[in-house]
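Below is one structure, written out as structure tokens; comments come after it.
Going by the order they are written in, the chains are A, B, C, D and E; count residues from 1 in each one.
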Amino acid sequence: SANDAQKGSSGKTIALLLPESKTTRYEAFDKPLFEKKVAELCSDCKVDYYNADQDESKQAQQVDTAVSKGADVIVLDPVNGAGAGGMVESAQKSGAKVVAYDRFIGKADYYLSFDNASVGKLQGEALAKAMGDKGGILMLNGAPSDPNAAQFKKGAHEALDGSGVKILAEYDNPDWSPDNAQKWTSDQLAKFDTSKIKGVYAANDGQAGGVVAALTGAGMKPDALPPITGQDAELAAIQRIVAGQQAMTIYKPIKIEAEKAAELAVSLAKGEKPSDTEDFEGVASYIFDPVVVQKDNVKDTVVKDGFYSVSDICTAQYADACSAAGLK
Amino acid sequence: MADVQDATPGVPADLLDERLIQNEGLAGYAKVFWNRLRGGELGSLPVVVGLIAICVVFYAQDPRFLSSYTLVSMTQFAAPVGIISLGIVLVLLLGEIDLSVGSVSGFSAACMAVFVVDHGHSMFLGMLVGVAVGATIGLVYSLLYLKLGVPSFVFSLAGLLAFQGGLLYVLGDHGTINLPSDSGLVQFAKFGFVPDLLAYVIVAALVLASLGLQLVGRARRAKAGLSTGSLGLLLVRSALLAVGLLWLTSYLNVDRGWSYLWVLFAALVVVLDLLLRKTRWGRHLFAVGGNEEAARRSGIRVGRIYLTVFVGCSTLAAFGGLMSAGLLTSVSQSSGTTDTNLTAIAAAVIGGTSLFGGRGSAYAAMLGIIVLQAIQTGLNIVNVDSSVRFIVTGGVLLLAVAIDSVSRRARTSSGRG
Amino acid sequence: MTMVTESPVRESVLSLTGVNKRFGAVQVLTDIHLEVGAGEVVALVGDNGAGKSTLVKIMSGVYQPDGGDIRFDGRSVSVPGPAQAQAMGIATVFQDLALCDNLDVVANLFLGREKLVGGVALDEVAMENEAWRLLRSLSAKIPSVRLPIASLSGGQRQTVAIARALVGDPKVVMLDEPTAALGVAQTAEVLNLVERLKEQGRGVVLISHNMADVQAVADRVVVLRLGRNAAEFKVAEASTEALVAAITGASDNVVAARAARHEGEKNDG
Amino acid sequence: MADVQDATPGVPADLLDERLIQNEGLAGYAKVFWNRLRGGELGSLPVVVGLIAICVVFYAQDPRFLSSYTLVSMTQFAAPVGIISLGIVLVLLLGEIDLSVGSVSGFSAACMAVFVVDHGHSMFLGMLVGVAVGATIGLVYSLLYLKLGVPSFVFSLAGLLAFQGGLLYVLGDHGTINLPSDSGLVQFAKFGFVPDLLAYVIVAALVLASLGLQLVGRARRAKAGLSTGSLGLLLVRSALLAVGLLWLTSYLNVDRGWSYLWVLFAALVVVLDLLLRKTRWGRHLFAVGGNEEAARRSGIRVGRIYLTVFVGCSTLAAFGGLMSAGLLTSVSQSSGTTDTNLTAIAAAVIGGTSLFGGRGSAYAAMLGIIVLQAIQTGLNIVNVDSSVRFIVTGGVLLLAVAIDSVSRRARTSSGRG
Amino acid sequence: MTMVTESPVRESVLSLTGVNKRFGAVQVLTDIHLEVGAGEVVALVGDNGAGKSTLVKIMSGVYQPDGGDIRFDGRSVSVPGPAQAQAMGIATVFQDLALCDNLDVVANLFLGREKLVGGVALDEVAMENEAWRLLRSLSAKIPSVRLPIASLSGGQRQTVAIARALVGDPKVVMLDEPTAALGVAQTAEVLNLVERLKEQGRGVVLISHNMADVQAVADRVVVLRLGRNAAEFKVAEASTEALVAAITGASDNVVAARAARHEGEKNDG
């Protein structure tokens, strides 16, 4: 019967819970990389995968389901890290180990991540640097209903508020939407002449795309855009960087993170206790450094890691820019 | 001339018309049932069939879908949105809509959390505040509707936006507020399960109460000279109910048993169902939903009905939001924003409530939320890519309702006079 | 055309003076006056669109008049809504019946006046019983009182609407074309009913296009034409021809022409 | 007897009834207007007043709100969702709903993008594919509705989910696809503005065409012995239209001028309006929306109306999605998912389309989307905290519609026979 | 009670045999037969809920019969929907009128048969003109044909519904209680209309509760009782009493009782 099936699972089960499906990285990179590494390290380990579609209570239920399927290790990338304590508790009660993946959870057993606040800080610093530490910027943050967006925002402010850069206007973009980013930026151009805008902070690559569309739409030449930031290292963003339309994006070497997570999960499943951790707010952690990708290091980062191939990036539209940037 | 008909001796007063096709005994009922099946008048049965189909498919994929553990957590997680969906049933019965239940649930929960965690008041007081916030919002809605005549779609759309802003405003820089895990709310919503014995006692009491009420009703009808329906059928039905519930209880008791949250939801459903079917208020609500002008001309105070319904809906939304916060042990900027509206409305509609008013029941919310929850849990267990998951969710949803629609097909070509 | 100008003999329960009503660009009622005495049957007749139903709706609180005075039981009143009209003791059978299609016959009959058991729960048994009694008294041919109104025939619905006016204890009963869809037997029952209401001392306003019925039960006939008081007759003094002439506004009307033609045919044949 | 009335010489056949309150000349029309104002029969005027109120408030906050630049970009950005909203007007006129327009727009755009960018087909072919995808979806919807009787709320909810999945599936690992910025679509949607002179020519042609049509109509009525309305009023109205449009054109020409995207949207609105008001199909659509059973009994092929409407709605949604992609120069996983549904539906409703069928117009979509866009742009320019932004959006929305509702108040207590 | 068993003299346009219909637990029609000849007026009478309207709806394609045979113009046909019935040449005035409340009078009159100008655009001028002509021929008192149906009086609506049946060139016209809400003048016009239709050689099925009207225009009277054929009369041979007795199923019915009582009163007074 159903209940027997629940008890009778042999081997080890690792549950991987990711927060959403609207950014590419989770299903295109984290999940396959993680699964592949687990399969490599442990033949009778099984990976159960869940995606919460940005819904906290759905994720809570998924934790429950994972427990019901007898997970030994739960690798949890929380929709909302600050509010995920309850889920962690229920999982731990069942005897499972909880690994906070990519986003911090206070009560987790282990934590692996690129720190959100430091991502924002890196973006801000890179922007200030690209602008020569002066001039006005527009600032587009993530969704006000997304707790992580607040962390990026905080980090970015840390970097920018102390610099010589002046924030002309700031916007929390509902749903991170590129359309809204484009509209908002266009509307700002009614107030600030394009010549006054020396840079744009966009929290992620989607918004950066909207910003580029707005600025070019207002008559700016695509090759004369002010520096624009981004995050996620989306293919479209890398293409824009190569073409000189976007200054930078944050690339998190997901491969390292995912594979480390897989190693950790397998060893936890086998009952081992890893010792090479550092401490982050009381949780045994592995912290990785996010990488700033700019035109000059595309080749050494995303291409080198096999994140994208040169042929992915250099489609017909970007062929010229690619050869100019030495990509081929 | 009235007496011409009364002359037939022994026939109940309501079965005298010679055109009525009579059916007696269990065999007769089987025939009636078969005719209703063909005529598409089966109420919610087809959706139940759809649900069973869903269960069979997922069970075939992974038997753990029907394990005690899964059923327990499925019901527990279904309850908060189910409670919100109950309110939606009310507004839909009037032919109105409330798009803001999600935002209201999040906003109320945030008010509660700030009141309790930041201001250090007791959880009980906090919950009162949360519910009061919901009720106040409903009051404002009904004033907008009754005094200014703003359509419900518009004011609830405005509410959807405004209370999302309110949520952000109340939470302020906090972002997320974690509720103390030893608080009554969290204990109740997340860790509260009915002890095994108590569960059996409750089930027995329920079945006996329902049987008793039906027998009393029968006796009253018989005394008044009206038809009573088969006693056998009544007993068989009660027995089936008893066996079903007892078996389910014992199955859930293998794991943690019925969660208090679900029991609360079920109790709300039963109460609301009785209110709708057995009281003046419920009767008037159906009348206003069916034909507002006729209801007004019958002397019904239509305004009061709207008031109670909008207040009821927002209050239930707030209450559902509190329960959801208890289950999650936290309130955040995203509370109530994601899909809550659509899920709550969809549950009511899938369960068989009409968007045009006058048709539906409290059980619709329960049935609908179970269907949606089953799909979601099933897909969680089966483990697929997001793109596939979205597509399958849509497809399965369609399937569940299509069975219903096809069986209703016979009824469409109607006409009067 | 005989005009009765003196006021009715009996003390009037309901009286209207100078009532006006306009909808958009159409002036529907102009300066209407009407009186109904206790135990009196007043027939309100007039051509289609003369404004009879509008007048009834004004008296039952559905529409608000643009001007004019309404007196009930001697006091000047305003009728802000149907609920207030009912509370005062005005029961109305509307031309469009105003039934809830989604509710069954019993629910419609007692809508707004449900019987309760134990103070809260609806007393379905008592209501169903009473429903059968009321409907039989009107010779209704309704197979089951648990059918939703949507599945009744036109005449069955009208019977339900009429039966509704009998629930409660109204002082004035207004019937807007109550027999339009009724069969011969049911029509006879309704006429009997009107006579019973009159005997019980209630005021009755009866709208009908059937002159025979009007002449059979009314005491007084008020004629509206194009939204104005056109004439008023004591029923004893009114011939069918005179009524028709007052309604159509001409004595050489189509009805007279038809009658003459048929008379001619009969004489020929 | 018919001739009794015809006897009055010189009075048009439709003005003979003595109860009609006659008004002649401009003064008479002013009186009619005042009466309609008091009677709450003003169509969309109150919403326009609401819009003006919004404009005044934002203008007071920051005059740049009404700068040529802002108006140009406001209209340009309003157009794609406006096009989607046009389809929503169609389904709402039937009393149905389509919750999936957002997903359909995103999915179609993704299909187009993959077809063009990945497979290297021409943009024209890509757009054909995108529109065909939309039409096919509409076809499937109408089959579900007509053959299985699934309610539109349910199948479009299923579509909302399924095509969101489809979008993810089609985009695959790409995430975002950038459209070549020299492609016709991007050039048209993003960089296309009507040259100054051409704009004046178009406006003049429009005004003359409208005037000519009205004069021909007048002449035909006069010939048939029907009333014609005041010639003066007609000329004054046309003159006002001409002056207004010309002034607006010159004002927009200070900046980039009318965007082709907006002109396309406006043209679609005009065409759809003519289709709805002046053709058999439109007449039948209103009939089905008002009383489906009556329409069926009149011999209207009701099924065809549903088919054309669902196909039309999905096709417009797909087309809007393509335009949106052109304007943004890219397609991503979030295309069409964000609020697009709610905005499109809200625009139709705010513009005055009833959710219950049979009442509304193509201009409703235009008016509604302008209101929504004005609010958003105003808030973008004024720059407030996100919590305040949500609250203000809700409040302003409520305000815009409340003015309408209050003015309609007089009409509510209706009743027939 | 006289039963006419021989088939009607004229060749029949529309004929039904053995038609059955049931709704849920109610058997509404049992084994009905009916014939209508060209140029013949058949009156269909019966008590409320006898099944008259259901029968008309079956003939006009609104309902599908559970069994039985329908012949039109001598051929056995099925009537899958109203559009097909109209295409065949069956025009129907339904008891509930089936008008679209949100459309104006002109739009309703020509619904499904709009006149076009230039092949695509609606010819509003021609339709409005024709509408006035049709309505005047029925003595309608409608202030403006551009009013939505929702704001018309009951009788005005019914006139619109009747006028609709005159658009086009039907072979059989079915009128389900067409004069229920009409004023005296309009009723006379409709009776004239029925006679005109008959002269034009069309078959007419007329449902009415008014025995005087039935006797004035019908050739044959078919009586339904509780969903069955109860009797059939040639109109010349049918007295009002006989008809009422056939309808109610008893000669000691309430109508007879009323008549007797009034006779008594008159003799007394």
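As a convention for this text, a residue touches a chain if its C-beta (ideal position, glycine included) is under 8 Å from a C-beta of that chain, and two chains touch if they have at least 3 such contacts.
This structure is a prediction, so every number in the text was calculated from the model and none was measured.
Visitor: Give the chains in contact with both chain D and chain E, ordered by label.
Guide: Under the touch definition, chain D and chain E have B, C as mutual neighbours.
Visitor: Tell me which chains count as touching both chain A and chain C.
Guide: Chains touching both chain A and chain C: B, D.
Visitor: So using the touch definition from the top, which pair is joined by more C-beta contacts, A-D or B-E?
Guide: A-D
Visitor: Superimpose the Cα atoms of chain B on the matching ones in chain D and note the rotation angle, 0 to 180, in steps of 5 degrees.
Guide: 180
Visitor: For chain E, which other chain has the most distant CA centre?
Guide: A
Visitor: Using CA atom averages as chain centres, what separation in Å is found between chain A and chain E?
Guide: 74
Visitor: Once you find the CA centre of chain B and the CA centre of chain D, what distance in Å lies between them?
Guide: Taking the mean C-alpha position of each chain, the two centres sit 36 Å apart.
Visitor: Whole-Å distance, chain B centre to chain C centre, using C-alpha means?
Guide: 43
Visitor: Quick one: report the Å distance separating chain C from chain E, using the average Cα coordinate of each chain.
Guide: Here the centre of chain E sits 25 Å away from the centre of chain C.
Visitor: Residues of chain A that touch two or more other chains: which are they?
Guide: Chain A, residues with two or more chain partners: 21, 27, 144.
Visitor: At least two partner chains per residue is the criterion; list those residues in chain B.
Guide: Residue numbers touching two or more other chains: 1, 17, 19-20, 164, 168, 293, 297, 386-387, 389, 414-417.
Visitor: For chain E, what residues touch not just one other chain but two or more?
Guide: In chain E, residues 24-26, 53, 62, 94-96, 98, 139, 141-144, 151-154, 181, 185, 226, 253-254 touch at least two other chains, as defined above.
Visitor: So, with touch as defined above, which chain pairs make the list?
Guide: A-B, A-D, B-C, B-D, B-E, C-D, C-E, D-E
Visitor: Applying the document's contact rule, which stretches of chain C touch chain B when the two form their complex?
Guide: Against chain B, the touching part of chain C is residues 60, 62, 81-83, 85-87, 92, 94, 97-103, 107, 111-114, 116, 120-122, 125-126, 128-129, 132, 136-137, 139, 141-146, 150-154, 157, 164, 185.
Visitor: With touch defined as at the start, can you tell me which chain D residues reach chain A in the complex?
Guide: Counting only chain D, the residues touching chain A are 62, 64-65, 67, 69-70, 73, 77, 117, 120, 168, 172-178, 180-181, 190-191, 324, 327-330, 332-335, 337-339, 376-377, 380-381, 383, 385-387, 389.
Visitor: Enumerate the contact residues on chain C facing chain E in the complex.
Guide: The contact residues of chain C facing chain E are 23-26, 46-50, 53-54, 95-96, 139-144, 147, 151-156, 158-159, 177, 180-189, 191-192, 209-211, 216, 226, 244, 247-248, 253-255, 257-258, 262.
Visitor: Which residues of chain E touch chain B in the complex?
Guide: Going through chain E, the ones touching chain B are 22, 24-28, 53, 57, 62-64, 94-96, 98, 176, 226-227, 250, 253-254.
Visitor: Could you please specify the touching residues of chain A with respect to chain B in the complex?
Guide: Per the touch definition, chain A meets chain B at residues 1-6, 21, 27, 48-51, 53-58, 60-62, 64-65, 67-69, 79-80, 82-87, 89-90, 144-147, 150.
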